[in-house]
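In the two complexes below, subunit A is the common chain; its partner is subunit B in one and subunit C in the other.
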Partner chain A sequence: MLKNWWKILCVILLTYTILAGFLGPVPAKPILNETIRNLYFHVGMWFAMMALFTVSAIYSVFYLWKSKPNYDLYSLEFAKGGIVFGCLGLATGSIWARYTWGAFWSNDPKQLGAAIALLIYFAYLVLRNSMTDMDKRARIGAVYNIFAYAMLFPTILIIPRMVDSLHPGGMGNPAMNTKDIDSRMITIFWPAAVPGWILLGVWITTLRIRLQLLVEKKLSHA
Partner chain B sequence: MHKKVRFWSLLVLFGLLGLTGRAQDSAAGKPVEMADRLRADGKIYVVVAVLLTIFIGIIAYVIRLDRKISRLEKGSK
Partner chain C sequence: MKGSFLQIWALFKKDLLLEVRQQYSFYGVLLYVASTIFVLYLAMGQPEADVWKGLFWMIQLFVCVNAVAKSFLQEGRGRLLYFYSITGAANFILSKLLFNALLMLLMSILSLGLFVLMLGDPMPDPLRFVGISWLGGVSLSLVFTFLAAIAARAQQSAALMAILGFPLVIPQLLLLSKISNIAFADVLQGGLAGMIVVLAALDVLIVVLSLILFPFLWKD
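Moving on to the complex of A and B:
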């Protein structure tokens, strides 16, 4: 049980996020109204995605360095986990945009950037599956994954901030500024929501990795 | 393997925690419509209860999956 402490922590943090996220005090803002609470959930998806993609890129570097096949598997599964959270982030952002910006999709730089980032990662999966040679697949996949990661932050964070955007953080302002959210929200968001969602993503990803390792073991025995 | 995965994940996690922001309250001029009545009537608790139920259900499912995989891992050794 002790080695699973982080899973318990994940459940505690997310339970707290749901409770405090709905019942806790939030600043009163026009247009946003109560939807400001989406911060704990929608933005949490993106942080989980960024964390999972970061781990994925680290394992790609490890794979190229040590050529251990398991590193390629970790890298692939973390990328898949990141894609799931990215899709959820895009979908939740779209719903939020419908009620604050007026449309599900308004070709905002932030939306386009996020969509491009996800397409780059979709291409990673397509690229891998286009090769039958396992060694080549892993090697080219790892190189591509590192380039995909290099494009991640420019597309989702840097470029949308350099141009005019409806999303907070446009025109060089930080997205987490004191104008939009206050300290009461900060104390739920950073210590509970962000690590909680990241841990959930890591948990689900490790389950997939373990399952995949079992499948490989079974195949090698057959 | 899990140790390593956990190590890197935690490293990233605490790295992100290090970005913790600072903030202060800012008050606007005229009152903005918030769901004060909804909370006063107590109805929001119903929504919170529903969401918590869903969340607990999903977590229970993930835990069961975790246990099943653990059992398989033990069996295959």
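Moving on to the complex of A and C:
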């Protein structure tokens, strides 16, 4: 119970996010109307993705420093978790775009940047699968992981802000400004949605890591 | 500092000398460039400016993949290990980056010439576009050199390098096509300098990452 407090917290936070997200008051904006509720889900997913990719990159750095095989496993699983949340973020964003911009995909720079970032991480998985030697796979995977993480920043955060974009945050205005978000939404977004999705991502990833460790233990004792 | 400079220069001269004597990479890629552009001409005739630009960057991309693959992956493993041991890893990758950048400069100007010859010349300002094609060629070569280093360690062919490389160069291709759009417009628009600075910053990021990460790649 004491070790798993954060899982219970995750359930509470996400339940609150879902209930308050759909039933809570939101400001009435033209075009956006009720779709503004997507903020709790779509943006939360991206925060979770960034958190998971950051942890993955940190474990890659640790692996290059110390060469413990567990570090490689952690960085792989956190990267996979980040990819899942990234795909979910892209999906929730496309659904939102269908109702506000008119189409699921409109080649918006932010959409393209996010798709490119995910493609780069898919290439990471392909690279790992192309090698059979475990140490080499771990080391080269760690190098590419750090490279891919560094490429996240220009593709998702820097270039879409500099060019014409319909996405909130394009053309130079920062979207996470404290003046830009309604105070009622802040009380749900920052304390509940963002930590809730991050904790969910970490929970799923740690479960996968434990499963992989058990599989490896079973294989090495067989 | 002076020592590493001399080492980089020595490695660079070695690559250059091998090129001049064996002429395998250069003529091979030149043949590839000429054939591809010729096939393109047969298929498309003389397209308008938009299509022309798109086709040019596609050709640059494939030329870069082939040029860098040939130059990096043709050395045997023993020879690579020898170089790593006598110079540092950072010097080695820096000399490779420089050599491939030079190769791409040459290839860019040649492919631009062939493009103008066969597919027509819609550029309002040729000198500006030469500069942009050089910038583009060098940027692409930096990414593919680092990926060729990874692919060489993974003992896979150029195919893996291409698979890994295409997602990674998409940001640069997007920036390059935006820059060429601005450069092709008859009126001088603002924002060109900003885009070029972003592209240059991206290149610097890639070079720094390569220098930091390459030593970990060859530690066998």
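Here is the rule we use: the second predicted complex is superposed on the first by the 218 of 222 C-alpha atoms of A that agree within 3 Å, B and C clash if a C-alpha of one lies under 4 Å from a C-alpha of the other, contacts with A are read in each partner's own complex, and residues count from 1 in each chain.
One rule holds in what follows: a residue touches a chain if its C-beta (ideal position, glycine included) is under 8 Å from a C-beta of that chain, and two chains touch if they have at least 3 such contacts.
All values derive from a computational prediction rather than experimental measurement.
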item: Which partner, subunit B or subunit C, touches more subunit A residues; value: B
item: Contacts of A:Asp182 with subunit B and subunit C, given as first, second, both or neither; value: first
item: Contacts of A:Gly86 with subunit B and subunit C, given as first, second, both or neither; value: neither
item: Contacts of A:Glu34 with subunit B and subunit C, given as first, second, both or neither; value: first
item: Touching partner for A:Leu119 - first (subunit B), second (subunit C), both, neither; value: second
item: Partner chain in contact with A:Pro160 - subunit B first, subunit C second, else both or neither; value: neither
item: Subunit A-facing residues of subunit C, complex; value: 146, 150, 153-154, 156, 160, 163-164, 167-168, 170-171, 174-175, 178, 194-195, 198, 202, 205, 209, 213, 216-217, 219
item: Subunit C partner contacts - residues on subunit A that touch it in the complex; value: 64, 109, 112-113, 116, 119-120, 122-123, 126-127, 130-131, 136, 139-140, 142-144, 146-147, 150-151, 154-155, 158-159, 162-163
item: Subunit B-facing residues of subunit A, complex; value: 3, 6-7, 11, 14-15, 18-19, 22-23, 26-30, 33-34, 47, 50-51, 54-55, 58-59, 70, 74, 176, 178-179, 181-186, 190-191, 194-195, 198-199, 202-204, 206-207, 209-211, 213-214, 217-218
item: Subunit B to subunit A touching residues, read off their complex; value: 1-2, 5-6, 8-10, 12-13, 16-17, 19-26, 28, 31-35, 39, 44-45, 47-48, 51-52, 55, 59, 62-63, 65-66, 69, 72-73, 76
